[in-house]
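The two complexes that follow have chain A in common; it is paired with chain B in the first and with chain C in the second.
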Partner chain A sequence: METRLSSTTKEVLISDKEPTILIGERINPSGKQKLVAALQAGNLELVRKEALAQVQAGADILDVNVGAAGVDEVTLLPQAVQAVTDVVDVPLCLDSSNPAALESALKVYHGKPLINSVTGEEHRLVKVLPLVKKYKTAVIGLTMDDEGIPNNPERRAAIAHKIVERAEASGIPREDIIIDCLSLSIGADNEAGLVTIETIGKVKAELGVNLTLGASNISFGLPDRNLLNSAFLVTAIIAGVNCPIVDVAKARPIILAADLILGRDKHARRYIEAYRQR
Partner chain B sequence: MNKVKQISEAIVQLKWDEIAALTNEALEAEVPALEILNQGLVPGMSVVGTKFRNGEIFLPEVLLSARTMKTALEILTPILSQQDTPSMGRVAIGTVKGDIHDIGKNIVVSMLEGNGFEVMDLGIDVDTERFVEVVRDNNLQILGLSALLTSTMPMIEETIKALEKAGLGQKVQVIVGGAPVTQAYADQIGADGYGADAVAAVEKARDLIAT
Partner chain C sequence: METRLSSTTKEVLISDKEPTILIGERINPSGKQKLVAALQAGNLELVRKEALAQVQAGADILDVNVGAAGVDEVTLLPQAVQAVTDVVDVPLCLDSSNPAALESALKVYHGKPLINSVTGEEHRLVKVLPLVKKYKTAVIGLTMDDEGIPNNPERRAAIAHKIVERAEASGIPREDIIIDCLSLSIGADNEAGLVTIETIGKVKAELGVNLTLGASNISFGLPDRNLLNSAFLVTAIIAGVNCPIVDVAKARPIILAADLILGRDKHARRYIEAYRQR
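The block that comes next holds the complex of A and B.
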C-alpha cells in the first residue's frame, strides 16, 4: 500500500518498503502555554520557528494544529498553513476537529495534504469524508466511534474497517486512508499498550493500510517518558506503524535504529549519517 | 505504631492487599470508623497528593493508592452510614456533549471515589439538558465537566449557562477540566474551579465544599 502526499515541491511516499515517515507533532498548542498565548494573539512566529526546527530535526511531514480556547480556527488554520509553507517545503497534516477550519485550510493548500482526522463517529464521517474526496487528500482515521475508544483489539479494529468501508463507498481509495490505532496512557490502564499493539497487527493484516500513531500518550503520568515512548515506538513500528506522529528531535534516533533493524535502511546510510550529525 | 497511623502509612505505601486487614483490626480494637477515616485515610491521601505534585510518585501509584483507600472505605461506609455521617460530598461528573473521551474523566472519578466522595458518573457525550436534570434532581455539591477537544470545550460554557438559565447556578459548584481547559478559561466562563489534574480536582472539590 502506497500513500503519496505532496507540497508544491516535495512528494512523500508512505509504504512498508520505505523508511518510516516522521510526522512532526509540535505545532499543537495542547499543553503548551506559550503557543496558546501566541495563537490567541494571532502571532505565528512561534509556529514558523517550530516548523523550521522540526524539519531540521528530520521531520518528513508537519502536523499543524492551532486549536485552543479563544482561537478562531477557521481563520487561523489557513494562516498557520501559509506561515509554515513560508519557511519549509514538506507536505502538511492539517489537524482540526472543526471541519470548517479544515476546509478553509484546504483552500489555501497547494499539493496533497493529510487531514487529521476522521473517526468512526457518524457526524465526523459525514463531514470529513466529503472534504477528503473533494480536495483529493489523504486522511487519518482514528479508531474511536460514538461509543468512545474500545479497550479491546477486535472492536477497535472493527472501527478501522468501518472507516475504510465508508471512505471507499464515497470514492476515496484505500491508500489514502491512514489508520491511527490510538495510544492511551499505560499509567491509567496496564493493558493500554498491548491493546494498541494488537490492534495495529490486526488492522495491518486485515486491511493492509498504512498506519500512523500519536505515540506519546502512552507514557502520560509515568517517569522517563522518552524511554517508554521509544520502546513503544519500536514495538509499534514492528507491528506495522509506518508514519508515526512524534516529537521528531527525540524520536528520530530510535526510529532510524528500528528502520535499520527491519532492513529499511540500505547500507545503514541514514543511521550512520544521523550519527555523524550528532 | 498505632492502628490509625498504620492505616495512613498503608495508603502512602500502596499496601492495597493489607488495607482490609488493617481496617478490620482497627475496628476490632474499637477505633471509631470516623477516626479511621479522618485521621488515617484522609491524611494518607493528602500525603499521596503532595508526593504526586512533587513528582515523587506517578499516576499508576496514585491510582493504586485511591484503590487502597476505596477498599478501606467499602468496609467503613456501612458503619459510617449507620451513624449518619455525611460523605465527603456528592459529585456528578461527565464528558460534555459531542466529546467521547473518558480516560481523564475516569481517573478523576477513581480519585474522587478513593477520597470518599459519592460520585455519579454520567459518562461521555452528555447532553446539556441531562446535566441540568441531574443537578436539579439530586442533592449535589459539585458538578465536574470534562472536555478533551477544543471543538467541544465550548460545551462546558454552554452547560454552565444552561444551569444558570434553569436557576441552578447557585445549587452546585462547577469544576472543569480536560486537556485544552485552563484556569484562565475556567475563570472566563464563570466556573467555580479548575482541576489541572486528578489530584488537583479532588483538592478543589474538597476546598469548594469546605467554604
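The block that comes next holds the complex of A and C.
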C-alpha cells in the first residue's frame, strides 16, 4: 500500500518497502505552556522555530496543531500552516478536532496533506470524510469510537475496519487512510503495550493499510521515557507501523537503527549519515 | 520450554513466560588486552572484578571464557570458575572450544551449568554432547557447521534441527538445548539482521527451544554500536530470544523496557527498580 503526500515542492511516499517516515509532533500546544501563550497571542514565531528544528532533525512531515483554550483555530490553523510553509517545504499533517478549522487550512494548503484525524465516532466520520474527499487529502483514522478506546485488539481493529469501510464508501481510496492503533500508558495498564502491538498486527494483516502511531503515551508516568518509547517504537515498526508521530530529535536514531536491521537502509547510508550529523 | 540452571544456592529459569534472562559476556579475553595479559600471568583478580560488576549490574548468569594464546585452559578454566564462585552466586556458562577444559571445569562446578558451546560440526558434536549428558548440564548450540555460518534462515535453522536431533539421540532432553542463531555484521551485509531474525522465528516455531544470542556482532564496524545493539536486542526478543549474551550494564535498560512492553514485568516493578538503581 502506498500513500503519497505532497507540499508545493516535495513528495513523501509511505510504504512498507520504504524507510520509516517520521511525522514531527512538536507543533502541538498540549503540555507546552510557552506555545499555548504564544498561540493565544497570535504569535507564530515559536511555530516557525519548531518547524525548522524538526526538519533539521530529520522530520519528513510536520503535524500542525494549534488547538488550545482561547485560540480561534479557524483563523489560526491556516496562519500556522502559512508560517510553517514559510520556513520548511515538507508536507503537513493538519491536526484539529474542529472540521471548520481543517477546511480553512485546507483552502490555503498547496499539495496533498494528511488530516489528523477521523475516528469511529459518527459525528467525526460525517464531518471529516467529506473534507478528505473534497480536497483529495489522506487521513489518519484513530481506533476509538463513541465508547472510547477499546482495551482489546479485536474491538480496536473493528473500528479500523469501520473507518476504512466508511471512507471507501465515500469514494476515498484505501491508500489514503492511515490508521493509528493508539497507545495508552503501560504504567496504568501493563497490557497496554501488547494490546497496541496486537492491534497493529491485525490491522496490517486484515486491511493492509499504512500505520502511524503516537508512541509516547506508552511511557506516561514512568521514568526514562525515551528509553521505553525507543523500545516501543522498534516493537511497533516491526509489527507494521511505518509513519509514527514522534519527537524527531529524540526518536530518529533508534528508528534508523530499526530500519537498518529490517533491511531498509542500503549500505547503512542513512544510519551512518545521521550519526555524522549528530 | 523451561531450562533450569543452578549454582550452589541459586536457580535460574529460562522460559518465554518469564522475564528475559541476561548472560553476562564480559569474562572473555577476546578484544580485551588487559584481560589477556592477566590470564597469561594466571592472575584472576580482573575476572573476579568483572564477575562482581556484572552481577551488580543485573546479570542472571555469567559466561566464563579464558581462551587466549599462551593460556592453558584445562588448568585455568576451573580456576576461573572457582574465582567467580568466590565472589558471586549466579549459575555459570562454561565457555571454551576445548572439551578437556570444559570437563576440568565441570568437575569443580557445583550445580547445573550451561556449556558454551556445541555446533553442527561433527568433531564438536562427538566431543561436547557426551559431556552434556555425563554432567547433566544444558548446552548452547550455535547454528554453524563444517561449512561455516549459512547466510540464509533455512540452512541456519537446519543446523539447529541437526543439533537438537543429535542431542536428543544422546539422551539430552530438548529443554537443555539453547540455540544461538548467530549474528554477523550488518555493516558487511545489509541482510545480516533479517537472516538472524528470520532464523530465530523459524527455530522457535519449529523446535520450541529457548534461544540465546550474542547480539553485539551486528554492529561491528558501525558507529553508535550500543544504539544499534539495543534496536537489535528488542527485535530479537520479540522474535523469541529469551536469554541473550550481553554487556549487561549497557543492554539491561532496553531489555527491561522490552520486557515491560511485552507484558513480562508486572506493575513495571523491575523497570522502575532498575531505573532507581542507575
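As a working rule, the second predicted complex is superposed on the first by the 278 of 278 C-alpha atoms of A that agree within 3 Å, B and C clash if a C-alpha of one lies under 4 Å from a C-alpha of the other, contacts with A are read in each partner's own complex, and residues count from 1 in each chain.
Here is the rule we go by: contacts are C-beta pairs under 8 Å (C-beta built on N, C-alpha and C of every residue); 3 or more make two chains touch, one makes a residue touch a chain.
Small disclaimer: the values here were computed from a predicted structure and weren't measured.
Asks: Both complexes share chain A, so when I overlay them there, do chain B and chain C fit or clash?
Replies: Here the two partners, once superposed via chain A, fit next to each other without clashing.
Asks: Using the touch definition from the top, say if A:167 reaches chain B (first), chain C (second), both or neither.
Replies: neither
Asks: Applying the touch criterion given at the start, work out whether A:184 contacts chain B, chain C, both or neither, answering first, second, both or neither.
Replies: first
Asks: If you stack the two complexes on chain A, which partner ends up touching A:129: first (chain B), second (chain C), both, or neither?
Replies: Neither partner.
Asks: What is the contact status of A:223 with respect to chain B (first) and chain C (second): first, second, both, or neither?
Replies: both
Asks: So, does A:253 touch the first partner chain B, the second partner chain C, both, or neither?
Replies: second
Asks: Would you sort A:271 into first (chain B), second (chain C), both or neither based on which partner it touches?
Replies: Touch partner of A:271: chain C, not chain B.
Asks: Once the two structures sit on chain A together, report how near the CA atoms of chain B get to those of chain C, whole Å.
Replies: When the complexes share the chain A frame, the smallest chain B-chain C C-alpha distance is 6 Å.
Asks: Could you give the residue numbers on chain A that contact chain B in one complex and chain C in the other?
Replies: Shared contact residues on chain A: 186-187, 190, 222-223.
Asks: Show which residues of chain C lie in contact with chain A when the two form their complex.
Replies: Going by the criterion above, the answer is residues 186-187, 190-191, 193-194, 197, 218, 222-224, 227-228, 230-232, 234-235, 238, 253-254, 257-258, 260-263, 265-268, 271-272, 275-276.
Asks: Within the complex, which stretch of chain A touches chain B?
Replies: Going by the criterion above, the answer is residues 30-31, 33, 36, 67-71, 73, 96-98, 121, 123, 144-149, 184-190, 220-223.
Asks: Okay, in this complex, where on chain B does chain A touch?
Replies: Residues of chain B touching chain A: 58-60, 62-63, 98, 100-103, 106-107, 124-125, 149-153, 179-182, 184-185, 188.
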